[in-house]
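Look at the two complexes coming up: chain A is in both, with chain B in one and chain C in the other.
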Partner chain A sequence: MQFVFKLIPQLIAWTIMVLLLLRGIPGRRRGVSLWAAGGFTMGVVGYALLARLASGTVPLGIIRCAVGGSFFLLWVVAVAAVYRSTVRDFPLVRVERFVESPFCAWGGGAIVGMVAGGISASLFPGSESGTVRFLVFSTLALAGVLLVVVARKVEWRLAPSIGVTPSSLPAVLVALLLFSSSSSLVLDLFSPLSMKVMKGTHDFVHQFMESILIPDHIFIRPAIWGYIGFLFGKEVGFWGGMVIWFFPVILISLAIYLEPLPSVAQIRQGAQRRRLLAAAISKKRRTLVIPAIALAALAGAAYRSSFPNVEYWDPKPLSVTATPAGELFIPRKGEVDLEDGRLHKYLYKQGGKEVRFFVLMTPAGKLTVVLDACAICKPDGYGQTEGMVLCYYCKTLIPLDTVGKPGGCNPVPVSFLEREDGVRLDALTLVNSWNRTVQTTTKSSGEGK
Partner chain B sequence: MASMIIETAGLTKSYGEIRALKPLDLTVPEGEWLSVMGHSGSGKSTLLNLVGGLDRPTAGMLKVGGEDLLGRDEDGLARFRREFVGIIFQQHHLIPYLNALENVMLAQYFHSVPDEAEARSALERVGLGHRLKNRPGELSGGEQQRVCIARAIINSPRLLLGDEPTGNLDHGSTTMVLELLRELRVEERFTIIMVTHNQEVAAWGDRTIYLDDGVLVREEKKLVEG
Partner chain C sequence: MNRLPRTLWAIISSRALPPVVLGFFLVLYIGIAFFTDETLITLMALTRRIPLLAGLLALLPLNSGCRMIVESRRHLKRHRALSGMARSVNADLFDESVELSAPALFPQLELRLSAEGYATRSSGEFLVALQGVSLFPARLLYLAGIFCLFGGILVSLMSRSVDRQAVIQGAPFPAPGGNGGIVEKITFGISNGSILERELLIEVANREGKGGGAFGVYPPGRFRGTFVYPRYLGVALICRFIAPDLPGGYEKSAVLPLYPPGREASAEISGTPYRLTLSLATPEDGSDPYMTGKMHFLFKLLKGKELLLAGSLPEGGEFSRDGYRLSIPDFRRMVMTDFVSDYGVLLIWWSAFLFTAAFFLWLPLRLLFPRREMLFRSQGESVRACSRAEGARRTHAGVFNEALDLLETTKHDAN
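This part shows the complex of A and B:
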């Protein structure tokens, strides 16, 4: 049932995509409809086959690459659109001919369909039986094809004045694909983008510090550290991500706005001249509706990325105490079962300080002990979902297989001894490791690194 | 033979029980200056409102510019008024807090987009190049009526309607306004339908029709001189 609820926005987005494809390439409605419907079906079937034949991450990786690649292409289109709007002799007719060509129109419809179909299919949980999967995927493919028919009917009734330009069409299609992919934590691109910006800023500032352009000396006042510390916060990543996220569509809107009005100087009668100008201005305003839809879809994607509708496994930390020898012992089968594949959090208190860590059995069957913090982010901790653990601070997804390996946003590993009855770890090593990590990540402002 | 800009057949307008216009058959050739005379309540203004798309007939056929006005919805009628008709009223209906230039530009705005140079030129054509920045309250009656003429012709209408446009002007101003209309009609080639009580003013037209109690009772054509 949850799958159906998750699917509704995807299918609405798919209908809008087809509708705008039909409006954007009016000369090839029939071909675009057929290829889009075929593409959607291929996307669903392709995902189903790949998920069965290969590892679950392969089809998701392909979809992610396709959506990410389309976003990169959108940047190229946006820059080209701004260039075109400022260069009068740009061969626009050639661009329009290319968009109208069967290769571009049908291929575009098919690719968009495949990605949309793949995203929709990926929402279905993989645990169901083969028959159920077959039925669900068949129904989904059929729904995708039916929605193409619906989109055709709606497009006929849509006001003819709503036009889709060659640059606003990719903008809205990519935005809707990004919106669709944001429904899944694995396919979402906004969180990784903002994380990359955050880490990029972080590394850049570190490079400056290391090159002593920002000397890490005691004479730098705490207030200055406060400002420097702000650069390490996730807000920088979020807003930087927002700029990269929205900018191509804003550029395309700007390009439409900058598009020169038709020359009417040769028309003698003032009223007729003004009527033509008014019509051109009005058309330009209506054309901006499509980038506005794209911006709304991108905002929706960013929102869904920031507030994902996912339930995390995040148990309350169990309090542990050290033996007189300074050793912590976590039994394998005690209050919790360490071998159930879920992360189990613990809290150790020493001298007013609290240390959080968790124990997890990886899919490879190996027990691992890590801090509930990483070496980069503010120690907000981790939650577990869909075969991943997720850093609450930067929203990075970490596959369960890699938990226990150091680096990046992975939880910091703690050395421990695995025994038959459980795991043993040295309390002092744990506390030192926590202090080192947290001191580094909250050094400057307390806001985090 | 000139084409007909207005064609009516059995055109009727009733306000409740009152029949303001009884079935009227009328044709107006393109480019004609038609004067409409009659007593108060004879249906002159009703006729003007109907052909100007300001009101809808109760029955009958009404074609303006070859198009049936009855088939148009409210938006269509608004577009018709905007692009096809210019109207001059006795009471001017100028916006008191806008100057002459802005009053003319307002008509451009509702038609398409404002163009100050064109509005300025229109006011210069009606002899008000020196009064551009004056508000209606600072202009004489004749000057205000000339602003109205500039406003009415700024969107190049094919039909210019006047509802007693000289009704409250002195003799000098009346002559000035009528001469101006005659000149502009030659230049812009529009058709004029002017409602008036004044026989002298009506005589400026090519033809005069007389209405009485909503019925066309008489018609006079101007004899071509020479």
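This part shows the complex of A and C:
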């Protein structure tokens, strides 16, 4: 039931995609409809087959790459559109010829259909039996095809004044694909983008300051350093991510706005000139409706990414104390069952310092002990969701089977001894590891270069 | 035969080149991000090592240099056309161009355009109407800024070398190549600047036999072509240590990054299982020990992982307990300094000046005095009319169209 509930926005997005494809490529409606419907079916079937034959992450990885690639292409289109509008001799003739070709129209319809079909199919939980899966995926493919028919009927009745330009069509299609993919934590692109922006900005500022020989924080006024430190925070990641997220569509809108009005210098009747210019301006304004829809879809995607409809397993940390020899012992079975596949958080206090860590049994059946912090972000901790743990600070998803491995945003591993009755840790090692990690991440988040 | 150079020139001077090159580097950056967290550093290292990547990066300053030539030529051609020196009008130089079969009766038109606020110039052959100031100088500054920025990045990437040395008060100045003189004094004090809170002065005597000199924090001083870039502060000290199993004692000199107070640094006592961790104590009066020179050390003595002793060592004092004796007979201020050889930095600084100048020139001109141009030139029985605007386009286009209407009316009147 939850699957159906999640699917409704995807199918609405798919219908709008087809509708705009048909409006954007008016000369090839029939071909585009067929290829889009075929693409959607292929996307659903392809996902179902790959999910059965390969590991669950392979088809999701392919969809993610396709959505990410389409976003990159959108940037290319946006930059080209701005140059096209502002530079008279911009060499785009061959590209325009390719865009207008049937190959591009049909191929575009098919690819959009495949990605949309794949995203919709990926929302189906993998735990159901084979027959149920077959029925669900067949129904989904059929629904996708039916919605193409519905979109054709609706497009037929849509006001002819609503035009889709060659640059606003990819904008709205990619925005709707991003909106669809934001329904899944694994396919979502906005949060990873924000995280990459945060890390990229940190690296860039650090390198820039070293390159132009700016002195270290001990010489600089705290207020000024506070501004520099702001560049290392997650807010910059979020807002930088927002800029990268929305900017291609804003650029496309700008390109439409900056497009030169038709030359009326050869017309000698003032009224006729004004009528022609007014018509061109009015057409420009109507054309901006499509980028506005794209912006709305992108805003929806960013919202769904920032406030995902997912419940995290995040137990309250249990307090533990060390033995006189400085050893911590966590029993395998007792108040909690360490082998239940969930993360179990613990809190160790020593001399006013608090150390959070968690114990988890990985899908490979091995117990692992890690800090509730990573070596990069502020120690906001982790929550667990299906097959993943999530860093609350930067929203990075870490597959369960990599928990216990060092690097990146993975929780920092702690050395421990696994015994039959539980796990044993050295309290001093744990405290030192926490101090080292937290000192480094706090420093990189504003207190030093 | 001329085709290849022409094609090359068209590519290198194309406005499409920068987004393509930057897009390529962006894709490369994204690709590297899949494999390592040190994405930017890896990208810089790759660009340094692979000539193809360095060549691609070099296209950016090259392109801006070529754009400066192309746009200057275009500007000069337009200038010639507007000053009436060109024999014919090249329509490509303007936004709009139209040919009217009307006689060149310009006096009435000149009056009309003057009334609209245009400065006019005419002869029997042509009429020029101008308003506002051209954005070309701002554009040229911007392109020069791009040239300096990417040129600077390229030079910096390819040629930067950094030699990190400890500059110790009273010791020889560790300049590359030696003979840097003696570090006479290191002063650390409060700064009155709006950006810098503290100032540091490294005073050097007998530099290459030329007398004294001093190096501050920013802008960094230069010595034999290298920038003297202070990184962090610390203490150079001599530590004497006697332990029950080390009755002969041990004397060690160490350079430790101990600033600010509370920051710990450790020194291995080589050949023994002992390790010493030191930090500067925060004075009770709140003063800065590095500024006052009154340093009080806190220490921890470890044997392997075991903490043996912890305590404090006042200036010149000695700690003694259970057969362990520890003293710091001499300590001096130390500044860990990078000697950076990098000519790209100068270009990057220049780019900042050029961008700032370009922005402050562009903004008022674009908002308040945008350039608007009209050219009417007689061509036998007809008139070629051209128009161009850098701002207030709609108003300018309206005036231009009315001017054309006026010419048309003049034709009918003449008939």
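By our rule, the second predicted complex is superposed on the first by the 408 of 449 C-alpha atoms of A that agree within 3 Å, B and C clash if a C-alpha of one lies under 4 Å from a C-alpha of the other, contacts with A are read in each partner's own complex, and residues count from 1 in each chain.
Rule of thumb we're sticking to: a residue touches a chain if its C-beta (ideal position, glycine included) is under 8 Å from a C-beta of that chain, and two chains touch if they have at least 3 such contacts.
These figures come from a predicted structure and were not determined experimentally.
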| item | value |
| --- | --- |
| Partner chain in contact with A:Pro324 - chain B first, chain C second, else both or neither | neither |
| Touched partner set for A:Phe72, first chain B, second chain C, both or neither | second |
| Contacts of A:Gly407 with chain B and chain C, given as first, second, both or neither | second |
| First, second, both or neither for A:Lys199, with chain B first and chain C second | second |
| Contacts of A:Ile376 with chain B and chain C, given as first, second, both or neither | second |
| Partner chain in contact with A:Gly270 - chain B first, chain C second, else both or neither | both |
| Partner chain(s) touched by A:Gly351 [first = chain B, second = chain C, both, neither] | neither |
| Touched chain A residues, chain B compared with chain C | C |
| Partner chain(s) touched by A:Ala278 [first = chain B, second = chain C, both, neither] | first |
| Which superposed partner A:Pro260 touches (first chain B, second chain C, both, neither) | second |
| Set of chain A residues, in rising order, touched by both chain B and chain C | 270, 273 |
| Chain A partner contacts - residues on chain B that touch it in the complex | 83, 108, 111-113, 115, 118, 154-156 |
| Residues on chain A engaged by chain B in the complex (per definition of touch) | 269-275, 277-279, 281 |
| Of chain A, residues touching chain C in the complex | 72, 75-76, 79-80, 83, 87-88, 90-91, 196, 199-200, 203-204, 207, 211-216, 218-222, 224, 260-261, 263-266, 268, 270, 273, 376, 407-408 |
| Complex contact set, residues of chain C against chain A | 14-16, 19, 23, 27, 29-30, 33, 37-41, 44, 92, 95-98, 156, 191, 194-200, 217-220, 227, 229-233, 259-260, 340, 342, 344-345, 348-349, 385, 387, 397, 400-402, 404-405, 408 |
